Each structure stands twice: as C-alpha cells, then as structure tokens.
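Structure first, then comments.
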Amino acid sequence: MSESDLVTFGETMLRLSPPDQERLEDAREFEVRAGGAESNVAIAAQRLGTPATWMSKVPETPLGRRTVGELRQHGIDTEVVWSHRGRQGTYYLERAGEPRGTNVIYDRENTAVSTAKARELDLDTIKDARVFFTTGITPALSSTLRDTTASLLKAAREGGTTTAFDFNYRRKLWSPEEAEETMTHLFPGIDVLVIAARDARTVLGFEGDPRQLAHKLGSQYEFETVVVTRGSEGAIGWHDSVVHEQPAYDTDTVSRIGTGDAFTGAFIARRLEGDDVPTALEYAAATAALKRTIPGDVAQVTEEEVEAVVREGGEALSR
Amino acid sequence: MSESDLVTFGETMLRLSPPDQERLEDAREFEVRAGGAESNVAIAAQRLGTPATWMSKVPETPLGRRTVGELRQHGIDTEVVWSHRGRQGTYYLERAGEPRGTNVIYDRENTAVSTAKARELDLDTIKDARVFFTTGITPALSSTLRDTTASLLKAAREGGTTTAFDFNYRRKLWSPEEAEETMTHLFPGIDVLVIAARDARTVLGFEGDPRQLAHKLGSQYEFETVVVTRGSEGAIGWHDSVVHEQPAYDTDTVSRIGTGDAFTGAFIARRLEGDDVPTALEYAAATAALKRTIPGDVAQVTEEEVEAVVREGGEALSR
Amino acid sequence: MSESDLVTFGETMLRLSPPDQERLEDAREFEVRAGGAESNVAIAAQRLGTPATWMSKVPETPLGRRTVGELRQHGIDTEVVWSHRGRQGTYYLERAGEPRGTNVIYDRENTAVSTAKARELDLDTIKDARVFFTTGITPALSSTLRDTTASLLKAAREGGTTTAFDFNYRRKLWSPEEAEETMTHLFPGIDVLVIAARDARTVLGFEGDPRQLAHKLGSQYEFETVVVTRGSEGAIGWHDSVVHEQPAYDTDTVSRIGTGDAFTGAFIARRLEGDDVPTALEYAAATAALKRTIPGDVAQVTEEEVEAVVREGGEALSR
Amino acid sequence: MSESDLVTFGETMLRLSPPDQERLEDAREFEVRAGGAESNVAIAAQRLGTPATWMSKVPETPLGRRTVGELRQHGIDTEVVWSHRGRQGTYYLERAGEPRGTNVIYDRENTAVSTAKARELDLDTIKDARVFFTTGITPALSSTLRDTTASLLKAAREGGTTTAFDFNYRRKLWSPEEAEETMTHLFPGIDVLVIAARDARTVLGFEGDPRQLAHKLGSQYEFETVVVTRGSEGAIGWHDSVVHEQPAYDTDTVSRIGTGDAFTGAFIARRLEGDDVPTALEYAAATAALKRTIPGDVAQVTEEEVEAVVREGGEALSR
Amino acid sequence: MSESDLVTFGETMLRLSPPDQERLEDAREFEVRAGGAESNVAIAAQRLGTPATWMSKVPETPLGRRTVGELRQHGIDTEVVWSHRGRQGTYYLERAGEPRGTNVIYDRENTAVSTAKARELDLDTIKDARVFFTTGITPALSSTLRDTTASLLKAAREGGTTTAFDFNYRRKLWSPEEAEETMTHLFPGIDVLVIAARDARTVLGFEGDPRQLAHKLGSQYEFETVVVTRGSEGAIGWHDSVVHEQPAYDTDTVSRIGTGDAFTGAFIARRLEGDDVPTALEYAAATAALKRTIPGDVAQVTEEEVEAVVREGGEALSR
Amino acid sequence: MSESDLVTFGETMLRLSPPDQERLEDAREFEVRAGGAESNVAIAAQRLGTPATWMSKVPETPLGRRTVGELRQHGIDTEVVWSHRGRQGTYYLERAGEPRGTNVIYDRENTAVSTAKARELDLDTIKDARVFFTTGITPALSSTLRDTTASLLKAAREGGTTTAFDFNYRRKLWSPEEAEETMTHLFPGIDVLVIAARDARTVLGFEGDPRQLAHKLGSQYEFETVVVTRGSEGAIGWHDSVVHEQPAYDTDTVSRIGTGDAFTGAFIARRLEGDDVPTALEYAAATAALKRTIPGDVAQVTEEEVEAVVREGGEALSR
C-alpha cells in the first residue's frame, strides 16, 4: 500500500503516433508514449510537490509493464492489479493543422481495466489519501467500471477523502444521454468538479456564460468547488458561492493533449498545499501553459518553472 | 491494359530531402519519396473516387520499381514501360523559411522517360479513358517527349477522351520562349487548361486580372474550360464563357509541394462525377487545403475529409 | 473483379516492433509493417511473375487503408470488403537472440476479417483464378471464418480452381485438437498441402521421417501434392507418389519471419509456370533463402535474383 | 524512507553512445541511457522479485532527474540526496568489434555523488534492509566516498544487514595498489564478495585456478560467501568452505555491459528468497545470459524468463 | 602555420540537444553538434570569402577530434594544441517555446582550453593575419585564459593585426562586476568592439539609446569601430564618430543560436573586403537573417545567398 | 596551393544507402556519405600521419560542397576545381548478406569530374608532393580523364614525385579489354602498383599464385614496388625482386567497403615514413582490419590504434 496525498484511478493507454504530421495511412513508424487523464493528473500534482499514486488494472504483458514503467519514470507511485486477461488499451494519434485537424482513433475495447472491480483494488490506499480523483472517462469504459467508479467514490467518502472528478465527456465512448444519466448519479459523491463549459451545455443542458454555468452547477449539485474550463480562454473557479476568473497564458504550443489534466493536477496540488482557489487556479493555468510547450501527454514541469510563469506572468496574460 | 476513367502521363521522380530545414550541404540522411505532377494528379483524383492510371517509362532498376511501388500504395494503377536504358530522375529538396526559401535541385537528365515514344505506350488505355491528363513539364524534358505529348493528345482526341493539361512552366527546364512555342502548338488538342496567372502573363504574354486572363485564354484558344490558379488567393474557373471565382482556404501549412496537383486532380474527379464547374472548384480548393497539411507531394485525403472541409468551410474562407 | 492467376484469402496484420533487439517494455518507437501469411504468399508469387490478388475484409480506417496500401506497393492486386465494424489486427514483435528468443504478442481479436462471410466476398474472382490459397490460420480466427474457409474452398473447386493450403498451426490461436478436427474436415477440398513436419506430428499425430510423413499424408488424404517443410533442413515434395528432397540454402539471416510464405508463394508460381515439382522446390528454396536476407515479412525479390541463386547454388547448398 | 529488502549505493551515469558501431569522432547523435553498477544490481534483483532501493546523491538538474526517472521506470525505488553542486557523471561508449574493440571514455570527475557523506544519507534505510550492496567503483571515485563507503558498511552491520560487495576494479579510476589498500580495509565489513578472477590475481595478488581463488579469499578474509566470476567461462561460488561451479550459458550477445551486475543482482535476490548457493548461481547465470541479449546496461527480464532459461538450460550450457 | 586573413581564438563545445522540443529530462537521444562563438565567427567569415583559422587547445580524444573535424567540414582551417589533460566542454540545449523558453546547461569546467597559455599557441599565425578575433567568453573561462586573452591581443597589436572583440557577457560564467573589470582592462588592446546594448547597460553601466551607447563607448575607449547589437531590432555601427543604423530582416526562424556570430563574422569579412561600415552592416544583417533559417550554431551560407538577401531585401526589412 | 606529402586525384561520390539491410526498393530514407577510392586513400594516409591532399573537379552545388566538406572533416586538404557544369556523382548501396549479396548501383555519368582536364588542375601541387596517387577508376570514367590521368602521371614524374596506382578494375565501368589497353599504356609512368590478384588474372591475363603474379608484374613492367591483394587472405609485396607475404587480420566486419583503400593509404604513409616494405605491409593490414570494424567508406583510425593492432597482432593473425 502506498501512502500518497492524491490517489487517482483510471485507464492509461499506449499512444501510437506517426512522426510530425504524417498520416497514419502512410506511417512506417510510431512514437510510443503512455497517456491517460488520471495518470496525467497524478503526474502534474506530483511535479508540483504532492505525493501521488495512480491505481489501475493492467495486463501482465510487456505492453502493460511498459505503460506502468513510463508512469513511474515521471515520479508517481503505481498501485496496480496485474491481470492475465484483457488487452492493453491503445490509441492512434494523427497530428494535423487546420483544416485537417488532429485525429484520435481509440483501440481500447476489452481492456484489462474495463474488468476492474472495486473488491480487487486496495481501497485503503484511497481511504488514507487526502484526495481521490477520477474522470468521466472511467465509467464510460464498461458497465463494470460504472459500478467501480461509484464504489471508489463511496470508499473515499467513508475514509474522509476529498473526491475530485473531471467530467471529461468523450463522444467516441458514449452518447450525451448515457453520460448525463451516469454522471449525475455520481455527482452526490463528488466534492470538486472540473468540467468544460461545452460539456456543461451539451451533455448536462445548462445554459449561460461560464460564470453562470459554474454557479448553477455548484448550487444545484452542492459541490464544494466547481471549475469550468474554457480552453484558450481560461477557467472559472466557483467556491463558497464565489466565482473566480482565471485567464489562460499565451503559449507557443507544441501539443495541446494533456493540457486540461495538467491544469487539474496542479489545481489539486496547490489546494492540498493550502492555497485558496484563485491562487490554485493561477498555478493551474501556469502549469497548463508549460504543458503546451512539451511534446507528449505529460506535464514534465518543475515547481520552479511554474512559479516563474506565475511570477512573470503579468504581461503574459491573454486577454 | 487498365481501365481507368483518368489516365495521366509524365515523369515521377525520387525526391531526396534532408530532415526538417537542414541544409543539403550538411545532410547525413535524405528522406525518400516519389513525386511528380502527373502521378500526383492521378492520386488526388483516385482518392476522390475516380479510378486513375499513371502511365510512364521507368528504368528496370530498384529505384524505378521503388517509384512505381509508392504510387501503387496510394491506390492508383500504373501502366509502365520498363526500360533497360536511362536513369531514374531524382530531385533534391531543401526546405527553408524566409529569407532562405525552399530550394529544388533537379537531377533529371538522361532519364528513361525522356526517351518514351508514343508507339511504346498503350494508346488504347488512353483512348478508353474518359480524361487524359499531362502537364507542360513533359514536353520540356526532351524533344522526344515533345513529339510524344502531341501524339498522346492526338490519340486521346481520336478515342473521344477529354484532354486536360496543366501548363506548369518550369524555368529550370526551358526558356519562356521555348515553352510558349511548344505549348501553343499543343493548345488546339487540349480541352481543359489549368494555368497559373503568373505563367499566363510571363510566358504567354497575356495581361489583365485573373478573370480577364481566364476569359482571354478561353476565347482565344477555344478551350472548353480554363482554370487560372493564384496560389493562396484561390482560383478562377472559366467555362461556357462564364467566370467562377473560388477563394483558397486558410491552412496550417506543412508542405506546399503538390498543392496545385491536388487541386487539379480533385477538379477533374468532380467534373467526371458530374459536378458543375463552381462545385468542382470548391472540392478542388478543399483538397488543396488538406494537401497543405500533409508532408510529401501527395494528397493522401479521403472523400469524407474533403466533404467535411467543403461543408464546414464557410468561415474558413480566406478573404 | 480482378483477374489473377493466384487468389489468396486471409488476415494481414500491422506488425509493430521496437528497433533492433530492444524490449517492448522499453520501447519509445515501433516500426510498422504489414504482414500476413496469405498476402506474403501472394507477393512472393507475384514477384516471380504470377499475377496475384489478396482478398480480405478490412476496416475502413486509416489503419486498414495503410495495410492495403503497403500490399499494393509490392505489386499485388487487392480485393477488399471494407468494413465499418471490427478492428485492424495488430501484432507486437520483439526480436531477440538466444536464450531470450524472438517473441510475438497477438492483438487480433474482434477484427473485421473475423466476421467475413463467403457471401460478402467476390467468389467469381476465386473461380476465375488458376489457384486459390489460404492457410490454417484463417479458420483459427473465428467460427465464422471456419465456415468461410470451407465455402471458399468449395467455390474454388466449383470453378475448377486448384486449391492450395498451408497448414500453419498456431498454438496461440487454438489447441491441437481443435486444429486437427477443423483441418481434416477441410482436407478433402484441398489439392496442394504445405505442412511443417512438426505440425504433421504434433497436431495430426503422424510418425516417421519427413519422407514418410509426406507419403502418408498424400496417400491417406489423396492430395495431389504435399510439401513437408523442415526449416533450415529443407523440404520434401510428394507428387504422383514420388518423393523429392530439397535442401535449404545457407544464408546470412536478418529475419526468419515470412520464410515459409516466400517458399510457398514461389512454389505455387513456378508450378503455375509449368515447372515440375523438383524444379519448383528449388526455386522455392532459393526464394526463401533470399527472403531471409530481407527485413520484414515480405519476399521483395526479383526473378533474376532467384534464378541467380538457383544457378549458382551448387556450392551454396547446405549439407 | 523506503522499505526494501535490498539497498544499493553508488553512482549512476548517463551513457552517451553513437548508434551501432559508429565512431565517436563521427557521431551526429548519441543514444542516452542511465547506467551504473549499483543501480543495475538493484534492478536485476527487483526484476526477480526482491524490492530494491538505489541510494545516491544526484545533481538537482534535468540530467540528474532524467537519470533517476529512468531507474524508477525499471521498478526500483530511489532514495536520493538532491544536490545543488557537482556534475552529473557521463560516459561515452563506442561499440566495436575486433580488433578495434568497444571503448569507454569516462567524464565523471567533480560529480555530485563524489561529495556524498554518510551523514547526508538515510542510514535507517540501510539498517532496515536485509542486504546492503555497493561496489569497488564507489570508493575509487573520491576520498570522501572512501570514507562514506566504510561508514555505510558499518551502519549496515549495526543494523544486522548483510553486506554484499562487488570488487569491480576499474583501472581508469585508480591503480591496483590504491585499490588493494582501500578494498582490503573494507573487507572485514563485507559478508558476500563478488570478484573477477582477473582482479583477484592482478589487484590482490592471489594465485591459482578460480576454485582456489575463491577458497583462498573466503578463508583469508572470513567472508560468508565468495563468488569468483570468469566471464564467458562461468562463475565459482564458495560458501561454508564448499565450492560450487556454475558454467555460463551460450548467448547471441548484443551487449556485454551490465552482465556482471545482472548476475550479482539475481544472485542476491535468489539468496534472499532462500535458495542455496548453487541454485542462486544458476539463476544468476540465467539472468546474465538474458541480459546479454538486451541492449543497454539493464537486465530488463522477468522471473518467468529466467526460470525458463534455468529449466531448459541443460543443453544450453557452454562447454 | 596557416595563412588566414582572420584568426579567432576560443572554446568550441559539443552541443547535446534532445530532438525538437523534448525535455532533457525525458531524452533518449541527443543531437550532437559543435558550437562556439569564435569558431562560428570564423566560419561565417570564411563562407563570405575570407580565409579563416580557428585556434584553440583541444583534448586529444575522440570528442576533441570530433569537434575539430566538424569545424573543418565548414571550410575553415584549425590550428590546435592537442592536450592530454582537460575535458572537452559540452553544453546541453533544451529548445522550447514560451513560456518555457529555450534553456542551456553548461558542462564546461576543467576543459583543456581553460589551461591554454599564450606560449603554447602559434602567435605568428596571429601576427600574420589581418584580423584577430575573440570574445568575452574566453577570459570568463579561467584566470589562465584571462592572461592568455591579453597576451594574444598584445601579440596581434605587435604584428599590426587588427583586433576585434565581441563582448558576449555570459551570466552563467561570471558576475557583471568581474566581467566589467576584466573587459575594460582589455579594451585598450581592441580595435573593433561588438557589444549587445543590454550588456553595455547592465555590465558597463552606460545609459542612453543604442546610438548613444555606441557613441559613448567609441569615444571613451577610443575604439576604431563599435557595433551595438539589438537582436531583432537590428544594429548600430559607429565609426569615425559617425553612427549608422542597420535594421534586422524578418525571418522564419528555426534557431536563434549563432545569429550574433554570423553577424560579426560577416561584418569582419566584408570590412576585410574593403566595404564601408554601412555596407558591411547590411551584409552582416543578411547573413544573420539566413542563419536564423538554419538549424545548428553555424551560418552555412553562400556569398550568393547573402547577396540575394541584400539585393532583394528592400521590402524584407523589418520596420 | 597546398603542401602535402601525398596528393591523390579522382572522383568522390555521394553514397546513398538504405538503413541496415533494407532493400532500395522499399527505402524511405537514405544514409548519405562521401566515398571514393582516391579520397579514401588520402584520408587513411593522413590518419597515419602523412599530410595529404585530394584533388578533383566538383560541381559548385550544395551536393558538391557537401562532398568536399565531409572529406575535410577527416583531416585532409582539398584542392578543388569548382565547376558550373556536370553532375555530382552518386551511387546507391544496398547491403545484404548471402545469398543476396551487397549491391551497388552507379549514377555517375556526366559528372563534373569526367570533364577535368590537366590544364585546369594545379600541377605544381603534384610536382611538389612526394607521392602522387590515383586509381584505375579514374581513366574508366571518360576519355577526357584517360588523357588527364596520363598527364598527371607525367607531371608527377617531371617533378620527381613517386607515382602510385591502384588498378581497381570496375566491370560496371568498362570491359577487361578496354581496361587492359588503357592501363598497360599507363604502367610505364607508375612506380608503385597495387592490384588485386583477380584483376591480374582476368584483366591482364597473368597466371600463377599471387607470389608469381607479383613477380611477373614487377619484372615485366619494371615497377619499383608491386602489391598484390587477396582480400581476406592477405597481400603480397614485391620490391627489389623480393616477395613479402602479409596475412590479413581476423575481424568482426561491419563494412568491407574501403578496406583496400585503407590498406593502400596506410602502405603509402608508412613507406613515406621510411618503413621497409614488410613493415609497411603490416601497418597496411592492421589499418585495413580496423577499417572493417567501421561503418562507411573511410578509415577513421588513429596511429595509436593501428600500432596496437600491429603490436598485439601475433595471435590475431589469420591462418
């Protein structure tokens, strides 16, 4: 059993992508990297000083071990159920500028993680943590994981562990209707919700500007904190009925993937350090900005770098 | 004998280029790709649903076979005279931003294709096609090919095959005077002419804005259709004495090479599908836009992608 | 409908392998190539002058198109049912010397091809061919494919097409018992059987030296021709109750994968050219030897190269 | 404080090597890997099931973090004093066949680790372990590390931790005389000594065949266990005055570097599992054999693979 | 002894950088290139037609020979004292967009060149040259090099050789106070000073706009020529009490490193060709612009390219 | 004019080769290196301490400059006539084991060097050298070069420069009859002849064992020295009517290309140093052995490495 302040649970896939902006259809080689929302969040938090553990079920194969090894390289602990059944999820990433646009092809059916049951997992690790985190991707992967997600959130509550959740709607995994039904059932077990303004509108049917979305969500579901993200336009934090606005930094972007996870991981880490919501949002935005300069899914940043962006960030604010 | 709606004839070279923006003078490795206007056009048309065949004369060497193999990979058929004499043409491409500028060094003298005579080629394939296409590069390569080009256009006419021709003036191959003389002799055998506004002015001596150029060319030489291209400013289509204007799409460009060929191939394919000229121009511009997001010479696109650009293209139009 | 002398049917996977002898567990990049027994056989035959078509069901995705494109590059025709359901099969290859040994991890469940039914496929292409070929891998992939294999062999017989079959037992796909039952039911529809001596013993339960195996198999099941392969010790051909022995050539091996397919493709091609069995075996062994000097699954050889090996092969024979 | 059965202490360098067998003098790129005897041993033990921690002092720079991250990827824990002074050690590796021979250039002066004092390190981690391991490279790096090595061995003894030591004489670091004097002073604090027969002769001045060397060393210095290694000729284990001989396995070698460390790590792991010396030697030889098939310094093996070599190893024995 | 118009003296390091914008912390490979201000200047001058020699002290190792070989590749001569002591300096370059920013980590302590004494060097080569050049980096590397720099400038004066000096303050090597004291002592031996406006202000304490800085510097220290550089805003030349302003060209930049050296090398070359200061500044700006389109430290340009930029540069001028 | 002890004249090509043992027909990238017999010989001599200059005519293009730059990197001087006409010669190298065998495709017609006339070249450089060297490849390239070769040999004689010549028959360039006629006309101008035993037999029609060949050649044409090479079986030196036999060293070979040139360059260098023929042959064999461990055409060796092979070579001798 590991002892981390933050425990996350979810799937991490192998990401296969042709070099540069080559087409999958023409590829002779793939770059291989591990990527998944929950491990990305754990790593971002760890890099900002919060001991973090990623929990999952992984096939006992070279591919599974490879995935776990890469996560450990970034400094987090891993608490893994090794499985002799089920695939390692993969996804194919084809990068492109407009009007082609970056494209993702999932190959994540029948994975080991999709069979993970709460009773297989070390619930004490969750109960002993200060924050437990997962995303809306997890319950979208299988009906088993729908139950597991609910059980883990319940275990966290029992242990007095704060629960944080990134809504992360993926239309390639399920319909808005399915997502809404599943997620709103989970909401009562969640303390901190991160959600894209777009998802709040198209999946949950809320209306209004992002400030209104945050307020409506927070009030209706009695979250402790709500963060509404708006991509390059920044984020809104709602806490104690007060709304805080955080613009995004300008960046020379090399990879957008993982930006939201970097934001969320840093936000959680700084809240755990005792920062108030506006300060945590500022560090989250700075971490996200640095992430955008880094290839791959993962926010390989240092606290010093994040602090430098926050410190010198005045003129760097987009507006 | 293959049975394609579109048959193209011309040279396809091996393109050797250092990675990224390295200098040729410092290169330790070259990327290798096949590229040629006529095969690019065939591939673009094929990708949009028009069965296409590229016809040429190629050395019976690993380099020649490599060139043909790459073209087949993209889905077209090839109708090749294998030659035991003559080189495989190559060109060296050095990519650079301004003020250095991308540079091309041809090494295409004494090639197998430069000796291709009409009697070696399968004229029935041309006669049975719906469109025959070549470019102004072909007659520039040798006096033999000047005669061959004329003979192929003649055979196409005899078979009732529409003839399409991209003017494609290359100053590294011949002088404007030579080009003008040769090309204007070919014009009576051509139904559809594609020409850059710049070439219409500097080689053929026409004056006026692109709309005027299209109209003058069409009227004077009695083409069925004229397309005047203006790079990032779009294109003009002239047909039945009516002029149609097609703006270019905004793109995040990774490679400009082959953009014109993608445009032309898509235009031909859509005309063969029965589209009117304005619609065909729109698909042509969308295909060209996608091409600019793809490394290499070739428009590796799908019909769905092109349609998506056309459909969502309203706001993407440059102006 | 294509018109080839040889038609093969089966699955072609994408092969993902780390460079050199790196471990999958440590890989940062994968080389990507297409590989499958039936397309390998088609390519080997085509390279020796026999027009060949590979038939299959493939997902309508970039990965599926990539697989088909690579096969076309090697010169064969493809007759593909494009599917909107089912995965593209992949396999991971980890190369290693002894005592680690090269290892293969299949990820080929729920593929498009595993749902291919005979009524979806163009049976006329098979009926119009001179030889139809598949392997024991195909019926091992799904119960649907068990039926399909039987139906295709039946269609071939109806069309007067010779049927050739490589036993190719794969223990990672099914048990010896399942394989024996399925295969022996298929045997009456097969004219030419290729089988490893090891499989004849451990799956079919035959005993004796390879000459005896060939004779027993041929007599018991009334095959027209039986080829028993013995890896680096060569092969035995049985035809008209006569046994012919063909040693293997010594080689500087870079990749053993695809050697058997190269052998079989060349054997079929030369038999179609009218060679007697001993001569066809000699060309088959020479093609297999060349394949072992070539990275990847595919016998990228020329007739001239094969003939040179046969011609100069006296002293190159092992033993 | 981590809780591992095995704790090792020493320097891990970044290894920079041109691809394949290119010369350093001509290199345009270097492969980058972490490598060091003590971390190699920890990883080999961990891979065989023994929780292991590597302890060191590392510069707080991207290079230092990179080194530690790579070690964590292989599954071990790291207990690191981060330093704001001192370099990250590097070494340049040029691979070559005979008669050129592989060459190593150290660039490891003024490193962070060379300033590591015992009082900076977490001695409790050592005291709570079951085995503490370091090598003769450590005291060769600086006079500070000579003292530190002695202090760590003393702390281990105080904690009841078994001490294991690989003699590992490096002539590029110090003279035989310096090595002999330093090492023999350390011997009384060491339980398990691993030493190359060559070093026993040329540095310590012992004579005789390897069995005699093992016996003389064990008797004279009252070690609990002595292992005398002989490269491709295997190893000798001496324990309770009994000598055990272990031949090496035949291998297709891609990299000899790290073979001895793989051997030692596996030996320690199996002894901790309760194996007797001959059995532990057999697993050690099998792990070393697998290592030789793997590029890089590190024995990325699994227990299953090692067991398979031991199980099937009868005929694989060299002799 | 070589006979060059320009002789430069200083350190050239090996530059190790991960591909693209990858983090050092995650790197598996480094690109390797030679780079140093004084060799960069020599190469830029040579490329513009001025025979140039780089003089230094280099370790007699593969790394040292590699560095010298790469410089020779670019056409200059090298006059090297081969040393059996001292390291080859290296630096690690991590490229990044904002807000991360490109970062450099020096590993250049205890190098061979830091021990170079004037009496080891071939002073006649300097005395016979027309210009001797070094930078403020050289005296920052060691106290020995402080003396050596002074001695070489003195030798140049004795030989009637013009002395040129780029101030090049590096805060990672010394403090502004140290730099100021050392440099102002060297000033009386210098004819041509190149200095960044920023350094003139923060190290030397001058105030005013760049024109004023140039004038104050020139007057106070009696330089023959002063060039004040302002990065993307161009440069100011002061000569005979007249100030000339040279804007920078707009560029598609791939690497800023070495831009200043390209500028200085071209300026020296054109002055040696007899150009007046404004013309030399124009060529210098054009060379710097081309450099920014070239990866690596070195201005691999041709005279023709530089002339083309100057000739067509009217509209390319920034501002 | 450069001042070298050894001057060589000939063509150096760009060598384009797919990685590892990939087929040209499947290549996506080529490695690029410079290679030519005469520059290889100059480099080998230079590496053993003999100042050497390579003389040629080269196109004034990036490809030409690239070739010359790479040669300079290896330390030799270059004396080049830059040409605005004629191609840069290239050759394609496909590496393969048996029975495929390494294959070379020349693309060296119409090169700049093929037009080189003696009056364009700096004959004084030859006259002032101690040895002038070229090979039988040079006169095979064009009739112009036949004359030029004769003129250069004549100029060397006039200057008192020893002439050395490697017969180097290339059947892809001319017939044995043409070669014999041309070469035997050149023989009277040659002092030192290097020739493969195979060429002496099949082109010149000599018979006997290699010792006899050396003696017959030396006596009949009155050479000062004859070296007959026999590949992996070593070489025979004939001088003053005495025959010396030099076996070849055993090697782990990565590239055979350039082995003969390494041998010849070292032989010349050691003769210039004053070694007798047997000693020079020994160094030549050692240099050739080291070359075989190095990728590429060029003997990137050091004197120390060669001496180490000679010193420790007793047991390394083949036989």
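Every chain is named by a letter (A, B, C, D, E and F) in the order it is written, and numbering of its residues begins at 1.
Criterion: contacts are C-beta pairs under 8 Å (C-beta built on N, C-alpha and C of every residue); 3 or more make two chains touch, one makes a residue touch a chain.
To keep track of the chains, here are their UniProt names: A, B, C, D, E, F = 2-keto-3-deoxygluconate kinase.
Keep in mind it's a predicted model, so treat the numbers as computed, not measured.
The set of chains in contact with chain D as well as chain F comprises C, E. Hopping across touching chains, the smallest step count from chain A to chain F is 2.
With respect to chain F, maximal separation of chain centres occurs for A (centres as means of Cα atoms). Between chain B and chain E, two chains of identical sequence, the interface residue sets overlap only in part, with shared numbers making up under half of the total. When the CA atoms of chain C are superposed on chain F, the rotation angle comes to 120 degrees (nearest 5).
When the interfaces C-D and A-C are ranked by C-beta pairs in contact, the top one is A-C. Repeated interface, listed pairs B-F, C-F or A-C, reference D-F: C-F, with more than half of the contact pairs matching by residue number. Rounded to whole angstrom, the centroid-to-centroid distance between chain D and chain E, based on C-alpha atoms, equals 45 Å. Chain A and chain B have Cα centroids separated by 47 Å.
Chain geometry summary: the mean Cα position of chain C and that of chain E are 63 Å apart. Shown for chain C are the residues that touch two or more other chains, namely 23, 25-26, 28, 69, 73.
Listed by chain label, the pairs that touch are A-B, A-C, A-D, A-E, B-C, B-E, B-F, C-D, C-F, D-E, D-F, E-F. Across the interface of their complex, chain F is touched by residues 20-23, 25-26, 96-100 of chain D. Those residues of chain C lying in contact with chain B across their complex are 69-70, 72-75.
Considering their complex, residues 73, 249-254, 286, 289-290, 293-296, 300, 305, 309, 312-313, 316 of chain E touch chain B.
Interface of chain A with chain C (complex): residues 16, 23-33, 61-63, 65-66, 69, 87, 92, 94, 105, 107, 109-110.
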